[in-house]
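Note that chain A is present in both complexes that follow, paired respectively with chain B and with chain C.
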Partner chain A sequence: MAEYTVITPLPGTFYRKATPESPNFVEVGALVGADTVIGLIEVMKQFSELTAGTAGRVTAFMVEDGDPVEPGQIVATLDEE
Partner chain B sequence: MIKVLKPGLATSVQDLGREGYYHLGIPPSGALDQYALSAANQLVGNPAGAAALECTLLGPELEFHQDALVAVCGALMTPRVDGVEMHHDTAFSVRAGQVLRFDFPKAGARAYLAVAGGIDVPLVLGSRSTYALGALGGFQGRRLAIGDELPIGIDSGKSRAGASLPMALRQALGGEITLRVVPGLYYHRLTESAKSSFFAEPWTVGSEADRIGYRFKGGSALSFQPREQPFGAGSDPSNIVDSCYPIGSIQVPAGLEPIVLHRDAVSGGGYAMIGTVISADLDLIGQMQPNQKARFVAVTLEEALEARRSYKKKLSCLSKLFPS
Partner chain C sequence: MTQRISKLLIANRGEIAVRIIRAAKELGIPTVAACSEADVDSLAARMADEVHILGPARADKSYLNVEALLGALKASGANAVHPGYGFLSENAAFAEAVQAAGAIFVGPSPETIRRMGDKAEARRTAQAAGVPVVPGSPGELFDLESALRAAEAVGFPLLIKASAGGGGRGIRLAESAAQLAEEFPRSQREAQAAFGNGAVYLERFIGKARHIEVQVLGDGKHAVHLFERECSLQRRRQKIFEEAPSPVLSSQQRESLCASAVRLTEALGYKGAGTLEYLYDDSTGEFFFIEMNTRIQVEHPVSELITGIDLVQAMLRIAGGEPLGLQQSDIRMNGAALQMRLNAEDPARDFFPSPGLVEQLVWPEGEGVRVDTHLYQGYRVPPYYDSLLAKLIVHGSDRAEALARARIALQNTTLTGMASTLSLHRQLLDQPWLHSADFHTGTLETWLAERPMGGE
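What follows is the complex of A and B.
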């Protein structure tokens, strides 16, 4: 089991859910696949999906819903399984 | 030909722009960082104003179908050929069949990829620049999309792999940026406290910032002097009777968030412009990432013209280095 970090390649605003009323895409402890969407980055009036990038279990979010992010910033950590 | 495997966030064909039609509502467009575009072009033996790709924040993935000499200047988005890291500000060869990708930006917002021969899209009103809002110029009047096939012009043969920018001619990116502003034409409409807070406080680039305008947040709301709004002006104190908007002009809708118009701006409207960012500093705006900080500093017209002279001198240093 290895720790894996999900980084955002984009600057902007990070969201954990698709709309303010929606549930979070994933919760800590959830099993995700490489293509599972874990959040959105809003920049230049566009929303880009951020995917886990590897299969594993989400161990933590390092960024809160609505926080600003910069390129290369760690958004979440996973345990690869 | 270059095939677009992934378009990136907002990749478009840009040259130095389409001057002379703003009075008809067609903005200049062109590279937001004109210096980086010129540098990348000259590294591959192109004229400074050849069409290149402006790659914003998230670069494209491009499959080359012919050998080509290329160079990347501007934002520090490390180019990789089949995964192998290439130098920034340096010409390198890409062979037919190879794939060029970019890392996320370590600093700056826009990398310029010049290809020897230029991106050979048709001239529209004298320019190959994309004006996406007007579906004009560039590759079919829009940003690149998956599957696009970009034609390449004829390589001049004047440069070769390894040609590189001297350190003195490379750009410093990132950190807090100082933007010089000539106050006016409606600066007098601000209250004294708004005049001083605008220049005293730091501002942060909003995530909406794009080629049309850069929105700044985080400073105090700016109040306008009370007046009876003239006929034709909207009711908000930040409104005026419609006027022309210069590129670089700063409007503050409802007094809340200053917007600096850039090269894809609308040509006029009804917001009071409290000043204009000088032309020599517009490249700096094009390289600002969302959440980056800036301060505005007032300069006189004479200082602005002097800054323009030294900016042009830097451009001419480039062209002396790479005579075409």
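What follows is the complex of A and C.
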């Protein structure tokens, strides 16, 4: 098993859910595909989806819901399976 | 009970915070920039006499955080709050909270904000003041005979709308009485089948509308207008290019439009600067009120340039208890003004946001050129807020001169470090339809979709 990091290419605000009332896109421990949306990055009022980028199991989120992020920052880690 | 403004807190950021600080300084009023942690290096924070940090970057923790703003108000000893535009500027509860804290809210009363924020109530208020709204049948219609009678007053083309419909469903178009006779029973049956309620009503269909708005100022008793602006060039309902006056109104139409705005403003006992937005139907020459914005607007500078009146100063004076001191006859229209919004968006990539570090920055100079901005060389534009970087505003003795100056001003602007809509405006200024003012609210999006660079 190799560790894989999900990196945001964009600066902005990271969200783990689509709306404040929604459940999280994914939880730690979940199995995801490369195209699975794990969060949103809000840049200047426009939202972009952040996908896992590889298939695997989510091991941790390095950024809290609503926190600012910089380009290149690690948002989450996965174990590739 | 009126009090003078002794110290002003600015509950906003970006170019409008800079604009408000400038107006306050000109009136000798000390300023407090209330800003987020992400904005401590902002131009507004550098210009203000004091800076109070509201909280983290996120707007809900800073610029929308009423508790934090009231805390900054108390800690700074400011006795007035200017809300700018966006954020809490049309939030009646915030205006009330500021007043409850014993301070002045620079804007109309909370009651007025609430009243004009409710669209149905705003429509009723406008009608009561004799201001035209989009014509429709007075109520629901149940038979063809009454529909045809109502249609005479509404005018063709018109829409037959299901009372119980919504979101664009249950609507049919009729361009003539004959078509109405065909479509009306169908609409009733459809409405009955789709919504379990066959009630329908008629509303005028305005196919190619222009967005025209009137700037007003009131002191609670007396109101004046500062003529109109035309803001028909929009993308996703966001204005991109604005001008004053509208290039298509005759002087009689202008007088009638602006007089209607003053009637409504006086009926409200309005205090401060406000804007009444209208749809203008080119084909009939009719205008219809849609809503009122109870705050300063992004495009206010074009009205300032054609009238010579500083709207933000006027807002502060009125809030400080001064009477308007202006008669309508004091306000003259001089020439034409245009505003181009420079946003941190990439026109070649479907307007994707492009925050970044301002590297090279050169603004145009010369007669009739004004730049409202919060940029400086070396400033990092944060990604957390809206994308407005600057407003390039030009004034000329007529529209042709203003357009010529706009072209030169765009050529003489340099902004590197991020993508911006500068290139879009350069292309726009080359379009013959812009020069002939042959456009409506759908024109810009059609052009964007068809031009070689666009569509992506």
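Worth a mention:
Quick note on the criterion: the second predicted complex is superposed on the first by the 81 of 81 C-alpha atoms of A that agree within 3 Å, B and C clash if a C-alpha of one lies under 4 Å from a C-alpha of the other, contacts with A are read in each partner's own complex, and residues count from 1 in each chain.
In this text, contacts are C-beta pairs under 8 Å (C-beta built on N, C-alpha and C of every residue); 3 or more make two chains touch, one makes a residue touch a chain.
Only a predicted model underlies this, so the values are computations on that prediction, with no experimental measurement involved.
Chain A has more of its residues touched by B than by the other of chain B and chain C. In the superposition on chain A, contact is made by A:P9 with chain B only, not with chain C. Looking at the shared chain after the overlay, A:K45 reaches both chain B and chain C. In the superposition on chain A, A:G66 makes contact with chain C only, not with chain B.
Touched by chain B in one complex and by chain C in the other are residues 10-13, 42-46, 68 of chain A. Against chain B, the residues of chain A that register as touching in their complex are 7-13, 42-46, 48, 68-72. Within the complex, the chain B residues that touch chain A are 9-10, 56-58, 104-106, 109, 207-210, 289-291. Every residue of chain A that touches chain C in the complex is listed here, in rising order: 10-13, 42-46, 66, 68. The residues of chain C lying in touch with chain A in their complex are 38, 56-58, 344-345, 352-353, 355, 383-387.
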